[in-house]
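Here come two complexes built around subunit A, the first alongside subunit B, the second alongside subunit C.
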Partner chain A sequence: MIRLEKRRQPSKRWTYLTPPLAVVAIMIAGGFMFWLLGKDPVEAIRIIFWDPLFNEQFASYSRPQILVKAAPLILIAIGLSFGFRAGVWNIGAEGQYIMGAIAGAAVGLAFFPTESALIFPLMVIAGALGGFLWAMIPALLKIAFRTNEILVSLLLVYVADLYLASVSFGALRNPDGGGFPGSRNLQQYPSAANPELIAGTGAHWGVVTAIFAVAVAYVLLNHHRIGFEIKLTGQSPRAARFAGVNPNLIIAVCLGFSGILAGLAGLFEVSGPSGQINIDFASGYGFTAIIVAFLGRLHPVGILLAGLLMALTYIGGELAQLMLGIPAAAILAFQGMLLFFLLAMDVLTDYRILVGKKGLN
Partner chain B sequence: MDLSAINPIVLFASLMVASTPILLAALGELVVEKTGVLNLGVEGMMITGAICGFAVAIETGSPALGFLGGALGGAVLSLIFAFLTQVLLSNQVATGLALTLFGLGLSALIGQGYIGQRPPSSGDLVLGLDLMVFLGIGLVALIWWALRATRLGLILRAVGENHDAAHALGYKVVRIRIAAIAFGGACAGLGGAYLSLIRVPQWTEGMTAGAGWIALALVVFASWKPWRVLLGAYLFGGITVLQLNLQAAGVKIPVEYLSMSRYLITILVLVLISVDRTRATLNAPAMLGRKFHASS
Partner chain C sequence: MKIKTMLTTAAAALGLATAAMAEDPTKVGFIYVGPVGDYGWSYEHNEGRLAIEEEFGDAVETTFVESVPEGADAERVLTQMALSGHDLIFTTSFGFMDATMNVASKFPNVRFEHATGYKRADNVSTYSARFYEGRAVIGHIAGHMTETNKVGYIASYPIPEVIRGINAAYLHAKKVNPDVEFNVVWVYTWFDPAKEADAATALIEQGADVIMQHTDSTAPMTIAEEKGIVAFGQASDMGNFGPNAQLTAIIDNWAPYYIDRVRAVKDGTWESADTWDGIAPGMVELAPISDRVPADVKAEAEAMAAAIAAGEYHPFTGPINRQDGTPWLAEGEVADDGTLAGMDFYIEGLTGEIPN
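Moving on to the complex of A and B:
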């Protein structure tokens, strides 16, 4: 008979071991899924995890792409990890990402065609503010009325998505675009563009900000009072209240911080890789970042690695689509499965598995 | 603009049709939450039910089998959640989210060959409405009666209010919860199948468009009472229908803003319901979202 016994403390060893184990498990399960789809499983897994990095033919194109995809994932996931640690569930990062992009792009477009070095910094501030304000809606409603932040933040994603469609057809539409939806391309407007900083690396300002965010999050979590209060609130809300932690402040900080980072991710995306506000701008980064946050164990350095790995599956997924005709949806299911494996393996961290008859306690 | 073109009887009939998917999904989730489990994967189960039901109906030519397939698809998906949260004791919020993400991907994968096809027509109408509408109302009555007046209902509520006491009395907490989760999954799948087979009727990726989340909000709005779920579902159905009618009548509001209304009103309702703090906490099942581990 198999029994579970709760550990007094979560196991340190398993905390580090479970993410790589989950990745191994997803390779096996994913391979099985591709086999069901009638593809060669070994080849599919090799194309997804190996070829983007080391294939002679594709690596020169796909290596820089990994940083481009990883930057928004890491930025958003770092923000989410604060809330997830404290039990504040912001699952509407996708909406904050969209609103940050719209706010930032709107500022940039308002100055078109003036050229000034001040425009891009202004756009960055506007992007952060857009994400922040959108995240403050669930935060304030939770503080004032105890309204469930999970549902409010998620429902606001749909509102943001519709707003995105509305501005793509209306307020931000390119007047010289011949009636097609979508704004002017910011890539072609030097003062508002977020270009590749070092040629051939894919590194744009979003990548720089993501690395910076990892460092800031590390310091905040390990060497600052607010990080301690966030962790305490997550582990024991009651103890936190006795210790004088203001729960409303934690809610505002967690949602506000993740809103800012998601807004920034949106701004760097719209001014860089994507280039314009359009109906198909939302790409699901806000949801994938949830997986990244868990895969990285809600730890800044872990999230950095998890973001890179998840970006790899995006690029590898595109390659697999091209070479084997594996549908894009399969990669989506693949990423969802990864989260299942991770959550399933948490049992090893929190419990001891005992085999044999139950003795007398 | 011509508002007189809106006929109240037709409006009410289409309101009932529009509310049925979220009604079914919310009823399932209500039973799940009554046993103390919070499954945030309703959206994922709904969309999986939508494509499973659609695919079965197309392959067999029978809408009835399609609904069965939808319910089965939702239930099977929910068993992943049940296994993770009840056996492996994973975090319910995170696992529910994972279920939604996985369901969206899986449904898109299954649905690849079905885009643009039309499902077989269900045919039989009673009073101009299909049978599923009445099944939804019947289910409200059944769940209300079962929770209130039967031994089964008492056990379900006991598990949700105090799982340690229920365990001490000898009830199999984990098994009861797994059964409830599967029931919730079947209901959500049925709601999804209704969307793809009758309401739309077509398959498009992501077609549930947040209906699962609205169903979750509905359970909170209803204070975990079946009749109020019906009321809430009609309210949301009414908003959807009114929005479509206003659109058709040519109101000078952009389509996007009209479509936003259902999400914004859901948020508004959530806020209104949470203002009364004592009532909200009194009605919620006491063990909602808590893990149960017998030997601790």
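Moving on to the complex of A and C:
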């Protein structure tokens, strides 16, 4: 007989062991799914996990692309992880990402066609501010009226989406665009562009900022009072209050911080890889980042790795579609399984598996 | 790699028999904005891809990536396609335009074909269909068929192509039914069955008894079938989803064009071009008109399609005024392609505003 016994404390060893184990499990289960679809499972798994990194035909292009794809995910997820640790659930990072992009792009476009080294820094500030202010709506409503931040932040995503459509057709529309929606392409406006810093690496300012954010988050969480207060609030709000933690401040800090990072992610994306504000600019990074945050155990280094892994499955998934004709939906299911297995493996962290008869207690 | 090795081996084996066969197959890639199973827009492009395979057999190899978001992701997918040795790549959505141009500039030896766009280069062609010709015909049918005089129109994005479709349909509905009203709902998506279904339901609740759609899923057709009203299929024949509801459908038939372009690549005659074809060469087709449509209306609709195909009738023939009452086309004047391509205004009689 197999039974589960709750551990007094989550096992440290299993916390580190479960993510790789989940990846192995997904390879087996995913391979089985691809086999059911009539594809060679070993080949499919190899294309998804190996080819983007090491296939000589693609790797020189796709390796930098992993950074490009991972950067916004990591930036947003780092911000979210603070709130998630404190029990402040910002589900609306997608909206903050959009508003950051709009605010930053609007500043850049306002200066068009002036060339100045000051424009890009101003855009960065505007992007951060856009995300911050959008995140402050659920924060202030929660502080003042105890509204549920999950609902408010989520619904504000749809508001941001509509606003994005509105500016794509209106205020930010390219006057030389022949009536079609979408702003000028910022990639073609040097002062506002966020290009590769070193050619062939994919590393733009967003990648640099993401790595910087990981380091800052690590220091804040482990060596700063606010990190301690956030963790304490999450584990025991009552104890936190006794320790003199101001819960309203935690709400504002957590939502504000995640808003800033999401806004920055949006700004770097719109001025870099995406290039323009358009109706379909939002591509779900804000939601995928929630998965990345949990996949990375809300730990800065974990999030860094999880973001890279997620980006790898995106790019490998596209290659698998291209080379083997695997349907896009199967790739989505594959990514979903990854989260499922990781969360399911938590059982090993929190419980001991005992085989045999129930012993005396 | 394995596939490629196998193909090379196979090609080498054939080469022993006939030297001419040893040539590499032409590699043709497609990116779709929706899933191939949308039974609408992307489905028809994929049908075109399958037609290429059927036509050329082992002399071509086709690949596709579906549900590609427009923007940075499209650029990456296109680059990967170019890197993996494609000779010709079809980018089948308006939003892939900038991505197509960017990648094309980096791979001058790869040819690109961008659907519904307006930017071209030496290795980038554009192509589109004159869907408005089909819209004119279904507008005519709708004007006759509505009893409530309310036609519900599910529109995707307020871009010229969609606005042109609304204008063409309304113009011809109004010609046969001066009391007809169009209620347009903008859903800001090409493919979202849930949103499209909601829009259809809302339109029907507001009294519409005919539904037209310029979105790609079959959801509106399914709703029309459930509610017992009539509708027109978009991009594909959606008769299976509305056996009673579908009056006809505008079918995008890309196969002949795709086969032509692949042949041009094989022959070395491919050149950058701008193609805008309609009913005449068969790029726009109409599904068989349902028996629910009275025989005389059906005959008129078929005659109109035939006249358009023969070049005897242009759907935008004056007198036509703009929505604000200012004249656009004088008596007998025909709209020029430039104005049609950038159409950003409603014609007189349409209510509501184009979102801005």
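Keep this in mind: the second predicted complex is superposed on the first by the 353 of 361 C-alpha atoms of A that agree within 3 Å, B and C clash if a C-alpha of one lies under 4 Å from a C-alpha of the other, contacts with A are read in each partner's own complex, and residues count from 1 in each chain.
One rule holds for everything that comes next: a residue touches a chain if its C-beta (ideal position, glycine included) is under 8 Å from a C-beta of that chain, and two chains touch if they have at least 3 such contacts.
Predicted model only: the values in this text are computed from it and were never measured.
Undergrad: Aligned on subunit A, subunit B and subunit C: do they clash or fit?
TA: With subunit A as the common anchor, subunit B and subunit C collide in the superposed model.
Undergrad: Is A:Ala329 in contact with subunit B, with subunit C, with both, or with neither (first, second, both, neither)?
TA: Both subunit B and subunit C are touched by A:Ala329.
Undergrad: Contacts for A:Tyr163 in the overlay, against subunit B (first) and subunit C (second): which applies, first, second, both or neither?
TA: In the superposed model, A:Tyr163 contacts subunit B only, not subunit C.
Undergrad: In the superposed arrangement, which partner chain does A:Ile198 touch: subunit B (first), subunit C (second), both, or neither?
TA: The answer is neither, since A:Ile198 touches no partner chain.
Undergrad: Of the two partner chains, subunit B (first) and subunit C (second), which one does A:Ala344 touch, if any: first, second, both, or neither?
TA: The answer is first: A:Ala344 touches subunit B but not subunit C.
Undergrad: Looking at A:Asn185 after the superposition, I want to know if it touches subunit B, subunit C, both of them or none. Which is it: first, second, both, neither?
TA: second
Undergrad: Just subunit B (first), just subunit C (second), both, or neither: which does A:Asp280 touch?
TA: Second partner only.
Undergrad: Determine, under the contact definition given at the top, whether A:Ile150 touches first (subunit B), second (subunit C), both, or neither.
TA: first
Undergrad: Check the residue A:Ile290 against both partner chains and state whether it touches subunit B (first), subunit C (second), both, or neither.
TA: First partner only.
Undergrad: Looking at the overlay, does A:Val301 come into contact with subunit B only (first), subunit C only (second), both, or neither?
TA: After superposition on chain A, A:Val301 lies in contact with neither partner.
Undergrad: Considering only the stretches 115-123, 187-195, 259-267 or 277-285 of subunit C, report the one that runs into subunit B.
TA: 187-195
Undergrad: Using the superposition on chain A as set up above, list the residues of subunit A that contact both subunit B and subunit C.
TA: The answer is residues 165-166, 169-170, 327-329 of subunit A.
Undergrad: Would you pull the subunit A residues touching subunit B in the complex into a rising list?
TA: Where subunit A meets subunit B, its residues are 3-6, 84, 89, 91, 141, 145-148, 150-152, 154-156, 158-159, 162-163, 165-166, 169-170, 287, 290-291, 294, 327-337, 339-340, 343-344, 346-347, 350-351, 358.
Undergrad: What residues on subunit C touch subunit A, complex-wise?
TA: The touching residues are 1-3, 29, 35-36, 63-73, 75-77, 79-81, 83-84, 94-95, 98, 118, 157-160, 188, 341-344, 355-356.
Undergrad: Under the touch definition given earlier, write down the residues of subunit B that touch subunit A in their complex.
TA: Residue list for subunit B touching subunit A: 40, 80, 84, 88-91, 93-95, 97-98, 101-106, 108-109, 111-112, 205, 209-210, 213-214, 216-217, 220, 254, 256-257, 259-260, 263-264, 266-267, 270-271, 274-275, 277, 280, 293, 295-296.
Undergrad: Spell out the part of subunit A that touches subunit C in their complex, as residue ranges.
TA: 40, 43, 55, 57-58, 61-62, 65, 68-69, 161, 165-166, 169-170, 178-181, 185, 269, 273-276, 278-281, 283-284, 315, 318-319, 321-323, 325, 327-329
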